[in-house]
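By letter and in written order, the chains are A, B, C, D and E; residue numbering begins at 1 in each of them.
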């Protein structure tokens, strides 16, 4: 992890030249999306200037609790992750996947026009790179490729930022997804007081880097960047023991802990909405009054909704307990069967943004501590 | 797919309410003329002086039952109506006027009226479904006009109306809103309130006050316990649950529970 | 022949049982036992089918189940004769193995090496019958018929 | 046919439910009763003990047609109680919100509720077939009002963005400026609509009203001003209750507002406003008022529809101006601290002056609430109008007579839902007194 | 299944093709078979499916429903779906007449493992409408009859008039499928078996259980007890196959609705090997 990369891969970008990065991307036709302060939180939205970044702000996070706080320095990226994730750009909350028009010769089916917006994401954290990689598998790795995700993803330019701090809700180390950005980016930045150590992760990244007003990086800058990154590792306090987690959960489907957490869970869907990998969605028709022009709209949905498992003769998962179990076992266990990876990247959003502070790491630990298979070996 | 040929005969009835829900139909400006073309408007006092006697295929009922006379009137409307749909929080949960259910009606009357003997009113304000069988409930204070149009469209097509029952949170997050409770500590009923409003309150920087009533399968106590632990006074939680849908069972029971704690 | 019922019995029990059993061919339409009446024989169906009917006032004889190879009927002969709970009618020419109740009860009581396995297999057969009856009760295809 | 009773069991194309009965002895009007059988909802009672912050949300529910009027009166009265004063920016944004409600309500009443009376239709459904352009224009204008309410208030019915101290969130500029093209079209359409209603066939029926409305020297009064009348009254709103009282009148089951110490009725609404504040109308509306074939002040209640038209034009013109100049305001809400006090305010609902008075305790809870909506103030006036009007319209056909009475009632765009919380009534539907 | 890429109507997984109702056969009460033609002839040419697969039938404005294909996979000219009126889509479909058009996406999902049954005996166990997804398998077994040992159909229904495709039984029987039916509730005229379908499995001779395959489709409880019976008869768990039903919304494994533990029923199922899902079958609400 702390392997020193050859210094020629790295450059130094002074903060005074930072705006050029956005200008170049915009000049290349990218819509640049980055962190900014809105609604008392750090969210992702379109930016045109570094001025819009949350300079000097940080976030304080705990289960069910988030507050912005002023830093005593001028860091651009001195926070962790907020309620938004990049999935809202790659897998939009609402999109039209097809349409149908009634004509004299019957229904005509159409595909939507391709997405033309190219996004450049500025400030993607290691856990978020991992989340994008997870969604890549979901949407493009199987027998069917989602054209909407695929188009947006192929056009996206990713500028990662290494975390230099960790929130008490972070557990990316446990999930082996961070905090160091190792792949999946075009450029990666590590913020120092007066500039960024920049690393290219792709040809597109290299090419952009060559157009920036960068300087040769010094050994001191590299060392300083490394110690900043190490700070994020050292600060991480939360852990999720992933050892045998798939079998642990799938063999404890009748564990009493599910009822316990099910009684606290609101079934509100917040954890699934903020999760950067949750991909559940529904397609519904929207028609004009005559019913002759129909759009098939796909919107984010959630396994926490009662209607989600509804069939004509009944609902499969009828209680919040069953739905919480579905979410957690999918995220941490059956995701492995389906996509050969965990569905969790350890970003901690579901912990922070749960309105009643339910913490999945605590739930897993509770089940592990009282693993019923280890005692009785099965159910009667 | 052919819709039933005859246009359903529609009636709009009003009980104790503000008129806002039936106005939602007139507020569907773009579709209004098309909608009125789909149905035969037989009784809709707010919109037309044309009055056709029952029976009616579809009755939209706004308002709650608060007088002895209305107790009888709703029975007659039920007899006259094929498919009875209640619209809005008054009709589905008793409305804001259901606050009288926790008060002494005589005190209420004396507060407002100098000559209480003239007032003929029940001591409760109750939902239509407490009196007659209701075929479909459309929630909200006020209802959402798009949901109302969906209901009418569904009835014309002879199918069950489709309205979603998830929490406000899902709509809220899909609009990119930050959770107001988590980020500011302000109490918000979004997690336990049914979708339909478009999550407007959090979008406008304020907590949801539950005007679409409880979502399906909620754990209201988990939310209130957490908010109280986080510093909201129980005395503040009671009125939050007790406003436009105070008569909806999960809100009513939870407000009673917290009240008993204080 | 290998029947589910007898195949599980130990050799010694099978031999002992063979000593008291008789093979009987029941002609189509013939009654094996009659609802409400005492029945003094336990039947094991070897081939063919037997219908179990119950009398429901207003509906007449209602067929509640069909038995086939390997299934027993008239077990009331073994567990205490309260009268048969259904009428068994051969639906075709049916081969059965018949056990007279007094001999069977006597054998089971005196020789536990036979009695216990026999009762266990009978319990299993009753258990299977119970499960199928429950599944029938569940009316699994109910939603399919409007 | 000497003694007969004419009953309108249910008034239509009004908001809320009410009826009318008229007792005649030959051609002589013996009794006229505007009966309102909306059940009481006890708003003033259950407001007691609620947090003052809830008042704008709760009072909005008195009326789904003019919730903004209730919210505006409530917040101003409560701010008076708390001693909070508004910034000019918030004040303008509140006027903009009110413009939305005026546009929505006036367009609805002019086109869909009142015009059918002049043209001989039951309502919009049958009128649409013969006057599709007018109906569609009405719907479009109404929609503009609603869109403005949605941007600024979150939704058209029972907006959620109004709070004591200002707004929960100031709208983004783009969201408002996006409305401008429609509003520019709407302004022209409002002018056309006003010209159109001015050509309707008005009965020659003028009445010696005392018209009461807010008046403000610098602007067309909406949220603030002196309570003024065409008889020369000009008082501070704090003195409202010294000049106007709600009174139980023998012949009616309802509470009527009258001038204090007299039995005199008075008239509130758009006609009163235009008569009192003609000079404060926006330039386009002011010019239009002159161009129309009406002498101002106007005393014909049927021509209130024209006054509504002028206000529609005014609301568009003012809305466009406010939107053009709008920059997001910070803060959108003025901070305040709770302390005991009382305050009152009057604003101009689409149907006329609305008055609120509150007493709050030091914890910010409501101790006392009084709400006087416009329709209660007009009720006695309507009955008096009918006494005058009936002899002119009595025909053998009771139905026709009733219809003519309804036409007059609808001039006031009565909002019966609003009225109920203060009405004392026994329900005696259809039985002549 | 090869990777499908976006772009053309044939490859965009979200895009439905227009089909037309060429004929409707009323089967039993509330159930009809829709014979479909593709509006685009080239689409018809390129459409092929394996027994057990399903299509998404799309009624614009109403929605989609996953319906298994019930025709002979070899007969390219016909595409049949036997549909029971249950939800909105099927209710609306029931109102459509011959000539009506709507949308179709598919075929999707896994198929019955016919090739894994070669040379052994095959027992098809099904109930009610569950025969519809098995009918293409019966056709295929008949088409390739010599490649298998005994082929037995055990079919249960609620009552005698709930038996689907009854006109075809004689033909199947004549061509080497032993057809056994049973009903839960007998009518006076019913001369056949009464009792649940698992009973038929309990008492039928199973000559070589190690080489016998069971293909089962019906309500989950029925499939669970069928598997129990099959295991009791010595049939290996790897040779028992069931067809699952879950809420299928996208049919392409991208929406999450149809998950059953590790299985996406739409793309890993609907036909799954019993032992791969058995541990979850009796977990309530999973």
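The rule we apply is simple: a contact is a pair of C-beta atoms (placed from the backbone, for glycine too) under 8 Å apart; a residue touches a chain by one contact, two chains touch by 3 or more.
Note that the structure is a prediction, hence the values are computed from the model and not measured.
Engineer: Count the smallest number of chain-to-chain hops linking chain A with chain D, moving only between touching chains.
Structural biologist: 2
Engineer: Can you list every chain that touches chain B and also touches chain C?
Structural biologist: Under the touch definition, chain B and chain C have E as mutual neighbours.
Engineer: Report the most central chain, judged by the distance from each chain's C-alpha mean to the global C-alpha mean.
Structural biologist: Minimum centroid-to-centroid distance belongs to B.
Engineer: Among the chains in this structure, which pair is joined by the largest number of C-beta pairs in contact?
Structural biologist: B-D
Engineer: Taking each chain's centre as the mean of its CA atoms, which one is most distant from chain D?
Structural biologist: C
Engineer: Comparing centres built from CA atoms, which chain ends up most distant from chain A?
Structural biologist: Here the answer is chain C, farthest from chain A.
Engineer: Distance-wise, how many Å sit between the C-alpha centres of chain B and chain D, to the nearest whole number?
Structural biologist: Going by mean C-alpha positions, chain B sits 25 Å from chain D.
Engineer: Just curious, how far off is chain D from chain C if you go by their C-alpha centres, in Å?
Structural biologist: 86
Engineer: Taking each chain's centre as its mean C-alpha position, how far apart are chain B and chain E in Å?
Structural biologist: 44
Engineer: Once you find the CA centre of chain C and the CA centre of chain E, what distance in Å lies between them?
Structural biologist: From the centre of chain C to the centre of chain E is 35 Å.
Engineer: Mind pulling the chain E residues that touch 2 or more other chains?
Structural biologist: In chain E, the residues touching two or more other chains are 61-62, 86, 100.
Engineer: Could you pull out the residues of chain B that touch at least 2 other chains?
Structural biologist: 1, 157, 205
Engineer: Tell me, which residues of chain C touch at least two other chains?
Structural biologist: Within chain C, residues 143 contact more than one other chain.
Engineer: Quick one: label the inter-chain contact graph as line, ring, star, complete or other.
Structural biologist: Shape = other; not a path, cycle, star or full graph.
Engineer: Can you list every touching chain pair?
Structural biologist: Every touching chain pair, ordered by label, is A-B, A-E, B-D, B-E, C-E.
Engineer: Which of the residues in chain A end up touching chain B in this complex?
Structural biologist: 38-41, 43, 45, 64-68, 82-84, 88, 93-94, 263-270, 273-274, 289-291, 299-302, 304-307, 319-320, 352-357
Engineer: So in the complex, the part of chain E that touches chain A is made up of which residues?
Structural biologist: 1-7, 9, 12-18, 20, 39, 58, 60-64, 86-87, 90, 100-103, 245-247, 249-250, 252-257, 259, 261-262, 264, 267, 279-280, 283-286
Engineer: Considering only the defined contacts, which chain B positions touch chain A in the complex?
Structural biologist: Contacts found on chain B: 1, 31, 34-35, 38, 149, 153, 157, 164-167, 169-170, 173-184, 188, 190-192, 205, 215-219, 222-223, 225-226, 230.
Engineer: Which residues of chain B touch chain D in their complex?
Structural biologist: For chain B paired with chain D, touching residues are 14-21, 23-24, 26-27, 29-30, 32-33, 36, 41, 44-51, 66-67, 69-70, 95-97, 99-100, 103, 107-109, 111-115, 118-121, 125, 141-142, 197-198, 200-201, 203-206, 209, 211, 236, 239, 243-244.
Engineer: Give the list of chain E residues in touch with chain C in this complex.
Structural biologist: Spelled out, the residues of chain E in touch with chain C are 28-31, 84-86, 127-129, 156-159, 162, 182, 184, 186, 188, 190-196, 198-200, 202-203, 205, 218-219, 221-222, 225.
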